[in-house]
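Dropping a structure here in structure tokens format, bear with me for questions.
A, B, C, D and E are the chain letters, set down in written order, and residue numbers restart from 1 in every chain.
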């Protein structure tokens, strides 16, 4: 079986509509180990892209590379966000340019309360949602605002991490497994929120193990395997393609 | 070999060869030549290399494996020295009982101090050990002068009892430390051309002990015990939930490394029967920390290299004076000679601290893993070069 | 009488009553799931079982012995192993070494001074660890630094480490969070397998209902620090209170 | 014997502090050694060689061998000093070690030289122990000691401050401090002074305010600072800061005394030393021929006058060379014999005796006072009195020097 | 009673030196998490700023003095500062006299520059490195800085007195109704105490009433995430380092009249300042200040004759003894924050 050639042609690269976020031939390394092995894809404004693949496929590494986190180190390639060259920026500059990452391990800052964690997100412009609005979406966080962030329950931390991204006025939201550890009701809530902000024009990349859920939400999907793109197409295509799902997503 | 895997066995053999042939290796320049200044193959310095190597190896068992940074380890060195000198004063000049008592005493001190200090971790632990060592230093220097000799240090005297030996030699001198009739300072010289090599009994005695200490360290590193110590450094919480009690492991490591320090202290006293309080001062504790980091934390051979490097600077670079500089550069035209000497002068002799500081900085900046990493880089560079050469050769050979 | 008897446990954090009057009985050789909304107190309850927290009130008996006041390593030596919500492994050690440590712990107890024999000569432990890695499908990663693994892999390693101890009670806090579907299914199979092979009791916290319903024999639903219902899986699904508090519409 | 010079040269080891707080003092010692070597080898103006009562030295080195030297850093630590001395003996073949700037180092290196069988000519060391309980047959001290300071100071103090003073001692908490306190106490108490209190201060202390503040309360009218180096600079500065010298107690002006002065310390303490009494081994303003000759040749070479440490080191080198010359051999025991009981003159402190019993030099001791109007940065002390040697001589078995034995000289192997 | 007040005063003063040094150190060590063995050197450089300025002000030319000769018999020369020529002898003398306070103005930019250069050039690369590497590099730097100072200024202490208006002491005892001469207190130490209070207050205010402190704390806990939130943490770390260096330097400038500075004065204070910071608790500014004063006062009491007579040697070990007791009874020092350098 040889599926790779069929899907790896970057169908949308040729599309005429200008890409909002575009990644072009990106290669990244953790020290000596070569992880992201030359990937290219585009995301259009207001689109939700699902980035899928098994454990260790390089999804997190891709998001971290885009967010300019320094580790993994991008050795080659270009990343453009709304005509701005992200690949020339440090992570805080990328963030100022409108990138928001919800990291997979949540990264609540130890020693800071819930509220301080949120305030921290509003120190550097551009400022997004107000704290009140955030507490409205996540009442749980409002109740716990004076509690140290790291003592929150796992799910509460996840909410805080998402809230922190929303507290900034971002153009592209990168979500690394946002549903992890959340109760199904909350997942529903967040899904609604994502749809809601999508309507307001937010561009989103979502990495999720619960592929079906992600695909239902997403417009398009990119599937990674060992650091290369093996599929790039519409979300519907993946849902329909048994073979593909079995091979890379085990669903 | 000896229950070691191949890599470790090779390392041990290398260390053994280096130790045994040190009198040659450290004396590469012929006597009387300008470069002879850099020879380090005289007994006292070779002994120091080895003794501080033992000290650093022991320290590394604690710091390199568990990550607990003791900033008061010199205290155990001091305890070992005092114990040994007291043995020389009271019992006999044989080094064996002195060493045994020193190791026991330093172990006991380490048990006590470690038991208390290990109730805290991280910087709090470091400061606790520092505080204990500083207290011991301060008391030894002043109030405890009757036991420690205070400022001048604990010395042998002609009227010491030495119940199993003699108080004085027939010539009316204080006897010197020895091993069943041999004196630690006994030396043989080998003259080859203008090279002079000195083989000193004390050095070889220390060298053998170093090998034993090194061998034991390898065994500890490779043992389940060593693995637990590394696990403590990595994630103490997980270890706890895995059913392991980290406390006794760290305490054991602390005591072992304290005993290594005591052993080093006893050897120092055996080579040179004097024990001074400044051996316990924080700078002495700091020195072993620096040795270990300079050589490479958590590596087997690193601490020994670090110890060697620092002691070399201290004893060789500090002795170069402007006269010697002028003699080196005498071949240059006068003006240039003076210029070169002026440039170099601040870094040698009384400026040896400056050179030491610069080396510290250069090593950490360019060799994050310490001197060991430097060695690894060189060897991997060599290997690559060889590989490339082989490559080229294999390419020219016709494939089948 | 269950192997684990939790009676009247209560725990306060400052102004927050995280647990109150929790009663729970886990039958020997059963799989008991604890589910509930985020912040319901599930992890807190687990922390009380393994000695990380000491409850303010109540008692926790394991196999007729109280675990309260014992340190975590003692509790582990009694036969309770725990997988954490965020992976806790020995990052600086290799995967193989990670696997060996728990095996040594269950063979040699909480402390043994074996400082001169070498690790590799402990063939019994080595073989068993190799075996476990095979079982966990990680044999090819054995020389990798654990910290360099992707997160799903770390979690699988942690589960493997706990299983290797052949505990009598295995506590799993969201074991499959962030795990690829395929591996999730593997893990379910593995747990089932283990369940069959030996006498083991499993208490599991999960938000992935697929996992919960494939494994659990009994389910306790915790909400706001107290058990809401305890029942067999089929009854839980239909329970309207549970649907409202936890499952949402999508279940 | 150890390191017998066989070639055309002989190597001496100059072991001085080159790093640490006494580095400047060490540097001055080294200058003196270099000057001495130059003179021994016939260079320069010959310095004190022409005023020295012994005429054995002729400017052709020692016993016709050219003098060479090696230097090392004691760091003012016993271990480092011994390591450095050992390397001079083992590696460089030095037949004599000299130098040092503290008693701890002197005692440690002296013991080492005894064991190794080389001669040790102590540099600056003032503790009684060096030629008291820690004396060694192979070691010799030209510098004066605590006892002598006390004996020289007491009469001057009595003359200036009267005989019913109440003294408060601050004492550095280590051997030198102990012997100095004891010496000053016993000699001042013998004159009728009362010792109100004696408080030990840690070596590592930098701020002495909490020790100085209670002095006035105690009813004392005199403060004795048994401190050296940085300790002395700081304690004196603090004492002046607290205004002690402006006070009146028991109807008398409050006074401060510093038993052992050195020029570098005086320089460090700045204006605070003005008018304060102390003792010193030698001072460049002495007008005897020997001192003048030395000051001239040192000053010409280096541009400033020598310190007492430089003087003692220079003299020790000449004395050693002379002893070898007279003995006709470098053999340590012969040198010891040549130095023991040797009387000489022309080296700056008048007629001097190297006493056989303890290898201590007996010579005049200077009582000095901080100068009120210094004309340069070297002109900080003025000589108040040259105490004649008779007044500072003590029997070898004096209690302050009890314990220990000289032993026999060691030629090594 | 008077003795106790006296020692409290002394302790406060000693404590203000400790607190000030520890404050600078805790900004770098407790807050930025860098084990900075070069902190003592910063203190020392501050002190030498004062020395340098007083030398600059005192820059002189030589004038021969009629009729006198120096030790070699050459005509004696006297140094006359240029400043006397420019401003006249009276004003000139006053400026020379006030060199140390003036040095504060000189030291602030110098120290900030030193701090910033040090951070940008060196420390920046070591935030993520193990503490061991930080120790080695900062220790190396400390040695280098010391040796450079030694090269230019020698090893001997250099007397640098306070303005004459502040030399001497006043009788505090009389003010509060005790006998004369029971409680005396030097003017300069009072100045030092006040100065320390001002600096400590200013640093506290800056960190308390701005978000700067929170951001830096967050940055230390997790640089990466703070970067993700659009904050240029590097810049803030640099500023923090500059402030810390300035605090250390000013502590040094003002300390000069108390004890003449020498090139190793930093090392003398180094260990003590680490002890103070850790006893105060890692990451806590108030803790460091509190510990500074506490240890200063206890040290003063331990140096009382009556106490030493009771427990010989107590003055030698008091600081360390107290440190041990505090660290054993309180897991993170007086007010340490959780998780800062605990592993």
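The criterion applied here is as follows: a contact is a pair of C-beta atoms (placed from the backbone, for glycine too) under 8 Å apart; a residue touches a chain by one contact, two chains touch by 3 or more.
Please read these numbers as outputs of a predicted model, since none were measured by experiment.
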Item to check | For subunit A and subunit E, chains touching each | outcome: none
Checklist entry - What's the chain with its C-alpha centre farthest out from subunit B? => result A
Checklist entry - Counting only C-alpha atoms to place each centre, which chain is farthest from subunit E? => result C
Item to check | Distance from subunit D to subunit A - Cα centre to Cα centre, in angstrom | outcome: 77
Checklist outcome for this item: Chain centres from averaged Cα atoms put subunit A and subunit C apart, in whole Å, by 29
Checklist entry - How many angstrom between the C-alpha centroids of subunit E and subunit D? => result 34
Checklist entry - If you average the CA atoms of subunit B and of subunit C, how many Å lie between those two points? => result 47
Checklist entry - Residues of subunit E that touch two or more other chains: which are they? => result 313, 316
Next on the checklist: Quick check: what residues of subunit D touch more than one other chain, meaning two or more?
Outcome noted: 23, 173, 200, 202, 204
Checklist entry - Which chain pairs here would you call touching? => result A-C, A-E, B-C, B-D, B-E, D-E
Item to check | Touching residues (chain side subunit C, partner subunit B) in the complex | outcome: 50, 52, 71-73, 76-77, 81-82, 84, 88-93, 97, 100-102, 104-106, 108-122, 125, 161, 165
Checklist entry - subunit B touches which residues of subunit D in the complex? => result 18-19, 23, 26-27, 69-73, 77-80, 82-84, 86-87, 90-91, 102-104, 107-108, 111-112, 114-115, 127, 129, 134, 173-176, 178, 200, 202-204, 404-405, 407-408, 410
Checklist outcome for this item: The answer for subunit E against subunit A in the complex is residues 211, 214-215, 217-218, 221-222, 224-233, 283, 337-340
Next on the checklist: Which residues of subunit B touch subunit C once you look at their complex with the stated criterion?
Outcome noted: 3-5, 216, 219-220, 222-228, 230-231, 233-235, 237-245, 248-249, 252, 256
Item to check | In the complex, subunit D residues that touch subunit E | outcome: 20-25, 173, 197, 199-202, 204, 206-207, 209-211, 213-214, 216-218, 230, 233-234, 237-238, 240-243, 246-247, 249, 264, 267-272, 284-285, 295-296, 299-300, 305, 375-376, 378-379
